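Pasting a structure below so you can have a look.
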Amino acid sequence: MSTYGPQIEVAIARVRAEVADLHAELTRNGLVVWTGGNVSGRVPGADLFVIKPSGVDYADLAPENMILCDLDGAVIPGTPGSDRSPSSDTAAHAYVYRNMTEIGGVVHTHSTYATAWAARGEEIPCVITAMADEFGGPIPIGNFAIIGDDTIGRGIVEALTGHRSRAVLMQNHGPFTIGKDARDAVKAAVMVEDVARTVHIARQGGELIPIPQAAIDSLFNRYQNVYGQAPQGALK
Amino acid sequence: MSTYGPQIEVAIARVRAEVADLHAELTRNGLVVWTGGNVSGRVPGADLFVIKPSGVDYADLAPENMILCDLDGAVIPGTPGSDRSPSSDTAAHAYVYRNMTEIGGVVHTHSTYATAWAARGEEIPCVITAMADEFGGPIPIGNFAIIGDDTIGRGIVEALTGHRSRAVLMQNHGPFTIGKDARDAVKAAVMVEDVARTVHIARQGGELIPIPQAAIDSLFNRYQNVYGQAPQGALK
Amino acid sequence: MSTYGPQIEVAIARVRAEVADLHAELTRNGLVVWTGGNVSGRVPGADLFVIKPSGVDYADLAPENMILCDLDGAVIPGTPGSDRSPSSDTAAHAYVYRNMTEIGGVVHTHSTYATAWAARGEEIPCVITAMADEFGGPIPIGNFAIIGDDTIGRGIVEALTGHRSRAVLMQNHGPFTIGKDARDAVKAAVMVEDVARTVHIARQGGELIPIPQAAIDSLFNRYQNVYGQAPQGALK
Amino acid sequence: MSTYGPQIEVAIARVRAEVADLHAELTRNGLVVWTGGNVSGRVPGADLFVIKPSGVDYADLAPENMILCDLDGAVIPGTPGSDRSPSSDTAAHAYVYRNMTEIGGVVHTHSTYATAWAARGEEIPCVITAMADEFGGPIPIGNFAIIGDDTIGRGIVEALTGHRSRAVLMQNHGPFTIGKDARDAVKAAVMVEDVARTVHIARQGGELIPIPQAAIDSLFNRYQNVYGQAPQGALK
């Protein structure tokens, strides 16, 4: 058994439940097929995060099956789920948590329209107000990178550091999103597919009308500070 | 507690239930993601309307969470839900109720195909009979407007006053629809996405055949007067 | 109460239940939105058919709400549901039953892809084997016709008489399908949308490969005689 | 009753249940409409396989309705379900089991995007990493073949023998997939539609970026050996 003290153990239990539950949002929003996609959440107050096991059915994702890792992506032995392999994207998640300390959640999917932009290595232009609200500008592209070491994580961090967007389209691969917690990163995964689809379909029909930069700035600032019942959205 | 007299209180309760329930139609018809979209309904016989709270989960939309506002969009203090912020589009809804007195419901979504036409600032041509029935002609575009003051509301009213259509595509933003009550506005939101999708797909395949104006007029007039079990559809 | 004798009354009750149930297939297969679409079924052994009421929610379609009509499309007074108006497409259904005596079911929808071909007045070419199996060739276009008199019914009958296809795309309007019974016509409505979508998407990507006529004939004949557990499919 | 000895009878019962259950994945993933599509599974240790009956509703697919066949596709008399006709694609499944002895499952659908590529006779290029993972390169095309004899089975075997891909797009027809068992073949059917859709949409928007062959090789080898909780994926 792990022995992080009662406060951290409570936080681990909460993040396990949150991460397990949030996978249902990926299927409900049509972002994943079969066992694809993964959500992770940082444990506040500890150098730990919780992530989905590799290649397991969405119907089997209970809190006790989630896997606790340190910030190098190593499974913490003796904890629930530690007999299983974590998501094959664990190294990328760990890299983000090590290098973006304000980030509390990471999500990866192969959602259709976002991945289609990624296959062309083309950023999504900001032509709808919902995109200005949520991402504050275009969705950037991350370099092509092979899975398995730090190259994907590095690509994500390079693309998103200093960028308003919480989503990056890794070239030929698919979207990674970040957030202040796992739920915020899942919201970004839902929204990036929504804008990828809408802008794709809009452009099929002809010329898009750009939104002036001043209007994008105004929409982004307002949404980050006013929308909803409590501060949420992009990181502050 | 509000004290509008028993008849108005009954009407408020009915509109609260109706508005809360109708949000399920937005998700069921795939018009919204996450917490996006909003429905409002006027309280008959009072200068009041009921609207969704801002940024709240669709699963949490019970009648007592709906928010009662006056026609300037101010929350009525001491009423159920008044401790929350109303939809960030409340000013636009209020502007419509103040300026179009026959309107009983307003709906806003970012539904995919309607928003795609909006991103090009292109009205949807009337090339299918279902569109002639429901909207009596093309779906117009409203001027680009920044959220937060009266400019969106003014854009909606300018576009729809004297127009057969109950739907307007606000440029770079998305559809707003109106109706004789909240349900009628929701129907218009469902139908505008349906025709936006069908006409988009039709045009991808080649040249569209226009419908003669006389046939559009005949279809519209018939549908407004004959279809269904009781008069419904466009405003009379 | 109607008094058709016990055998016909049993047949009416069976067709009422069948027609009410089959509407669920329209929603389950994504062929209709709101109250759109309609299914009817002929009562075997009588000059009668059963059809959906006009503009009624899909959730309210119980057998006793279905409406019994004669072959001129007149509601039979005093029967269950006769206090309501029948589908606004009743005249078209009635025309088909009067003029195609072997037909036992008619379905109408505005399903997206089939309606998109209709908006261009373009028949769907037979380039996939599932289409050869089910329809034996291209899906034809019917002339533009205004709702409300016999012109739609005449257009359907003209297009489908002597044609292998059980589906016709009425120009600028949408698909009508026929079958040996209501279920067979619903199957045709599901399949025509499926092939309309697949062939649309196929053609977006480039040149289609035609299927030789001899292969189309062979596929159609085999499917009508061999597929399934008992003879079904096209009319014989 | 069949009398294969208790061990084989247990295996038959297990494969019956597995094949019946897996059909639900076809509908859940939107790969089939009406009664289309079929899954089969080889009975380990016997020259037998289990397949879906022809033209039967997806709601009626219980284990005892599945049909037991020998490797020539002949129904085994006296076994549960043997009073029904097996899938009209049974000859193709049988041909695969006879000629690819390491294969334990076969699936056929007319899923929309995969069939669209098939209607153009165009292989799907490998431009997304999920496709390199799962299929190790492009999805090949199989020759046009008429249903009913060995030509479809021969086309599948010719296209997939010595190929990394577990999916083939039979020209003008649709995808067939194979796997080490029925579940693995169903996974391939889900994934081939997913990549067919994503690559189609990607190419609509402009030029695709190829993935270098060395990266494809590396991704494929890693996924076959590392992903998931136990060895799965392509055949070894």
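Here the chain labels run A, B, C and D in written order, and each chain numbers its own residues starting at 1.
In this section, a residue touches a chain if its C-beta (ideal position, glycine included) is under 8 Å from a C-beta of that chain, and two chains touch if they have at least 3 such contacts.
Because the structure is a prediction, the values reported are computed rather than measured.
Asker: Note whether the interface between chain C and chain D is symmetric in residue numbering, meaning over half of all numbers used appear on both sides, and answer same or different.
Answerer: different
Asker: Report the inter-centroid distance (CA atoms only) between chain B and chain D in whole Å.
Answerer: The answer is 46 Å.
Asker: Please tell me the distance, in whole Å, between the geometric centres of chain A and chain B computed from their C-alpha atoms.
Answerer: Going by mean C-alpha positions, chain A sits 32 Å from chain B.
Asker: For chain B, jot down the residues that touch at least 2 other chains.
Answerer: Expected reply: 204.
Asker: Just say which it is for the chain contacts: an open line, a closed ring, a star, complete, or other.
Answerer: Looks like a ring, each chain touching just two neighbours.
Asker: Hey, which chains are touching each other here?
Answerer: So the chains that touch one another pair up as A-B, A-D, B-C, C-D.
Asker: State the interface residues of chain A toward chain B in the complex, per the touch definition above.
Answerer: 29, 127-130, 187, 190-191, 194, 197-199, 201-202, 204-209, 211, 215, 218-219, 222, 226-229, 232
Asker: Can you list the chain C residues touching chain B in their complex?
Answerer: 33-36, 53-56, 84-85, 88, 110, 112-113, 115-122, 144, 146-148, 171-174, 200, 203-204
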